[in-house]
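Letters are used for the chains, namely A, B, C and D, taken in the order the chains are written, and counting of residues starts over at 1 for each.
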Amino acid sequence: MSGNVDDFPCKITAREMVGEDILSIRVRCPSIAESIYPGQFVLLRDPSWGMDPLLMRPFAVSAVHGEDLELLIKLVGRGTSLLAERSVGDDLVVRGPMGRGFSSPESSPIYVAGALGAAPLLFARQVFGAGRFVLGVPGEGWGPFVDYLEARCPEMEVFSDDGSIGVRGTALDGLEKGESCPIYACGPMGMMAAMVKLEPVSCQVSLESRMACGIGACCGCVIETVQGKKRVCADGPVFNLEEVVWNA
Amino acid sequence: MSGNVDDFPCKITAREMVGEDILSIRVRCPSIAESIYPGQFVLLRDPSWGMDPLLMRPFAVSAVHGEDLELLIKLVGRGTSLLAERSVGDDLVVRGPMGRGFSSPESSPIYVAGALGAAPLLFARQVFGAGRFVLGVPGEGWGPFVDYLEARCPEMEVFSDDGSIGVRGTALDGLEKGESCPIYACGPMGMMAAMVKLEPVSCQVSLESRMACGIGACCGCVIETVQGKKRVCADGPVFNLEEVVWNA
Amino acid sequence: MLDLSVNIGSVPLRSPVIIASGTWGYDESLWREDLLRHVGAVCSKAITESPKDGNPGHRIWETPCGLLNSIGLQNTGIDDFVDEKIPKLKSYGVPIIANVSMEDERGLALIVERLVEVADCVDAIELNVSCPNVDKGCMSWGVSPVLTSQAVSMVQKIWKGPLWVKMTPQAPDPEGVARAAEDSGADALVVANTWLGMAIDVDSRKAVFDRVVAGFSGPAVFPMALRLVWQVSSAVSIPVIGCGGVSSGRDLLSMIMAGATAVELGTGMFRDIRLPENILREVKAYMTKEKVEDLRSLIGIAKR
Amino acid sequence: MLDLSVNIGSVPLRSPVIIASGTWGYDESLWREDLLRHVGAVCSKAITESPKDGNPGHRIWETPCGLLNSIGLQNTGIDDFVDEKIPKLKSYGVPIIANVSMEDERGLALIVERLVEVADCVDAIELNVSCPNVDKGCMSWGVSPVLTSQAVSMVQKIWKGPLWVKMTPQAPDPEGVARAAEDSGADALVVANTWLGMAIDVDSRKAVFDRVVAGFSGPAVFPMALRLVWQVSSAVSIPVIGCGGVSSGRDLLSMIMAGATAVELGTGMFRDIRLPENILREVKAYMTKEKVEDLRSLIGIAKR
């Protein structure tokens, strides 16, 4: 882990709903903003939750704006729904910077995102610079999310499963077999597993897993790799594509 | 219990801090507002609490304004502090109307309040009409609360333990021994126990107790009376002064 | 049409949601059709031979997602139950389960004999060998297979109707107690009563409760109650009723999938008087989405 | 000057707050002075003879105010601990407690023999006879007074330093186990490890964990852990360390007043990396307000 991981009390400085169930939120956290690296993540909790929900929730950072971290959060359960109820000026506790991020590209990169997987890649693009940016979404209902991303990344190439937005297909349809540019990918496990068949020369993937501590203490978030079990939170969340055992 | 007790989703329609640690709050709840009687109370919880805090919190109603209930809440612990963070438009769950209230006076009443005990008495005054209103507060720091009450009840006679507000003394110093007017009292247990020595002809007191259900189901809130244990939530919270065994 | 009815042995319930003992009152205002429409049955407060005043001192303490109680079986006794309560309760049309507290054998016989008189108004006896809040009797029976068996046999001799046994999670060998109850003729097991906990008031530097320990319930205990239901339902073939922290449709479904046939709701009722209705709404939505027509088809499915 | 130091037998701790086994990592970034200044000691993750991969499948599940885990003692084994971990850990200047998992007697002897080599860097052994997440060994020792005694005696033969025994709340007779440990020479008891719970994923209709049951911890279990501490500390005269759901200064004070000499923090660390500091701030405020100069004067005070 780079930077001194710690729990910081932070204020919400901006919030916006992107469509019905995605929250774009900014929190002021100078210490993390200064040291966080693309692919690293933070853990959040709301001090007014009491002890339920109990655990902090992990999220990628999608951009850094001065002292603010920007996050893109899909409302999928209790914690995320409660976060969406908070307003500008409210307090959150943020733990970070967490995990190992992407290593810098040696040539122009390709970003490959599945849905919310775009979040850490937007930040990578902010730091590493633009390259191709391929996005796949389910389709229907994802318009506002795609618009939000396109406003930040005009070169976005969009695919959707149902063909309602951009080209029908998945993000992987935007890639050639044996691609030689360095690929940065984040999305559903299925998408990343399928990437293996494309045999890219260099590909780093950012993974998700259920977490308890987020600091490498509990071994709750392990995945199977060719070198045995690794912790997503501390050994990842970014891994080399070849390292991961996908069918575990 | 009069009225059909139920849990109602309600919106906060107004809120105001009275000094540093007292919240005046209004919630829109037509069904309870229509049927509640002075001395009855409600239970509150915030749906965004999750399961912690677990139990609803009991509060007297201090006034009814059309479809709105007004409450006066002192921030003493976790639940009340969390309530103070909510804003106009936020949702609460309100259970009521709860318990047996005051019976109507046969002649001009005297209201005797210790600190937050003023809440149910303000509502009694709203329904039963003005009479003498004697208030006791600790003193220092209670200025905003006294101002708030005096704005609603100009005839208020104020005593304070440290003499910093009104006359030095307790609310009971405002009463004669053997008082013949019907007395309505609410305040700390000590104040009400001391009332016995004044031998009032008719005195109804509103009590507090730790509650779980608030609907008479759990027997968690019992007090000792001359007829044995009684439930504050369902047999009270209003009791006749003589009925209560004060040193239990 | 979704079918949410279940059978606890010979007792048919229109809904798998039962209100647990000690968490619903006798006050008429609570027995409205609109509140109880979604309830399969209501368990009475524990009944003892003589009226009981219950415990002195604090009786209630909130903990994170849980509740400690030390009520101590306050109730008006069997005579009042039979003579005053039952005539009213039967008029409401909701199945009534009589929660009978085991104090000693003589008292138990007396209580059950009186219940026989009103057997047509009592849909089952729930034999409570599991209350941790009294000094003598009750839980000290339920921790032992032998004593549980003795208590069940005693009731069996007098009571010919359905008999449920409400177990204690404090039993060192829950499967043993469950099998003992089954072998002695119990028709169903309620798994379980409250867990042993305590609290300290750091300001007074004393235990909160006069008896020090108290019964622990609420969402906090759910994962442990679910584990007990899984264990016990594997050990017996009579129906198991899950009890402990159930407070959502997912909780009910989890209990059913772990082997329960129905659930009891206790502490959850305190924070949502319409919990039965709200739980069933969630369960129906699940069944519709997952194309499950009969809730019974899910019983124990997680074990298969 | 407030005195918050305590002694666990012959082990002096600058603070009554210990980080529980399995809830702190070896990564260097966690061993900063500013994070650990308020910590009395750190327990290592459970150590086994050979490296262990831990359990497959889900390992973590959140419940109301609680956490289920099924890690399964994943660790790099005793040789890595002695050869790689200890040289680093000793440089941080924080007392280290080696949490040793009981699998079988031969393995236990091997582990303890290797720890003897680094005895000057290990402030105590915490004998773990209480992990519920493995098929063989561990908890099956801790539920029995006889087996606990056997395990403690075994370590005693080899290890001359301080020896703590971490008990399981699943023991049918916790006082019996506690006395057995004391009689066999344990210097302190940790009360306790996780409780048995489980979860079901209603979408897949399966138990969440491959082993079905899992260890249950967090604020939800606090009232039960406190009760165990009260019970066990009345049964023995060696120090008791409270563990289970401690997450505030009031929790620590409650544990101390119930008879604990110190506490371990596990799950609470996951939601507040500065929990030790925040707890001590609250405890100091209490001591100042209540004019308590020495925390030790509060040990067991609620029983007097």
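Things to note:
We take it that a contact is a pair of C-beta atoms (placed from the backbone, for glycine too) under 8 Å apart; a residue touches a chain by one contact, two chains touch by 3 or more.
In this text, all values refer to a predicted model and were calculated from it rather than measured experimentally.
Shared contact partners of chain A and chain D, listed by label, are B, C.
Distances between chain centres, each the mean of the C-alpha atoms, put B farthest from chain D.
More inter-chain C-beta contacts link the pair B-C than the other of B-D and B-C.
Chain geometry summary: the mean Cα position of chain B and that of chain D are 46 Å apart. Rounded to whole angstrom units, the spacing between the C-alpha centres of chain A and chain B is 51. Per-chain Cα centroids separate chain B from chain C by 35 Å.
Of all residues in chain B, those touching 2 or more other chains are 50-53, listed in ascending order.
Residue numbers of chain D whose C-beta contacts span two or more other chains: 63-66, 219, 247.
With chains as nodes and touching pairs as edges, the resulting graph is complete, every pair of chains being joined.
Across the complex, chain C is touched by residues 50-52 of chain A.
Of all residues in chain C, only 22-25, 27, 29-30, 32, 35, 45, 53-54, 56, 58-67, 69, 71, 74, 218-219, 247, 267, 269-274 touch chain B in the complex they form. Residues 64-65, 219 of chain D touch chain B in their complex. Interface residues of chain A, counted against chain B in their complex, comprise 48-53, 78, 82, 85, 87. On the side of chain D, the complex with chain C involves touching residues 63-66, 68, 172-173, 195-200, 202, 205-207, 212-214, 216, 219-224, 226-227, 230, 245, 247, 250, 253-254, 257-258, 286, 298, 301-302.
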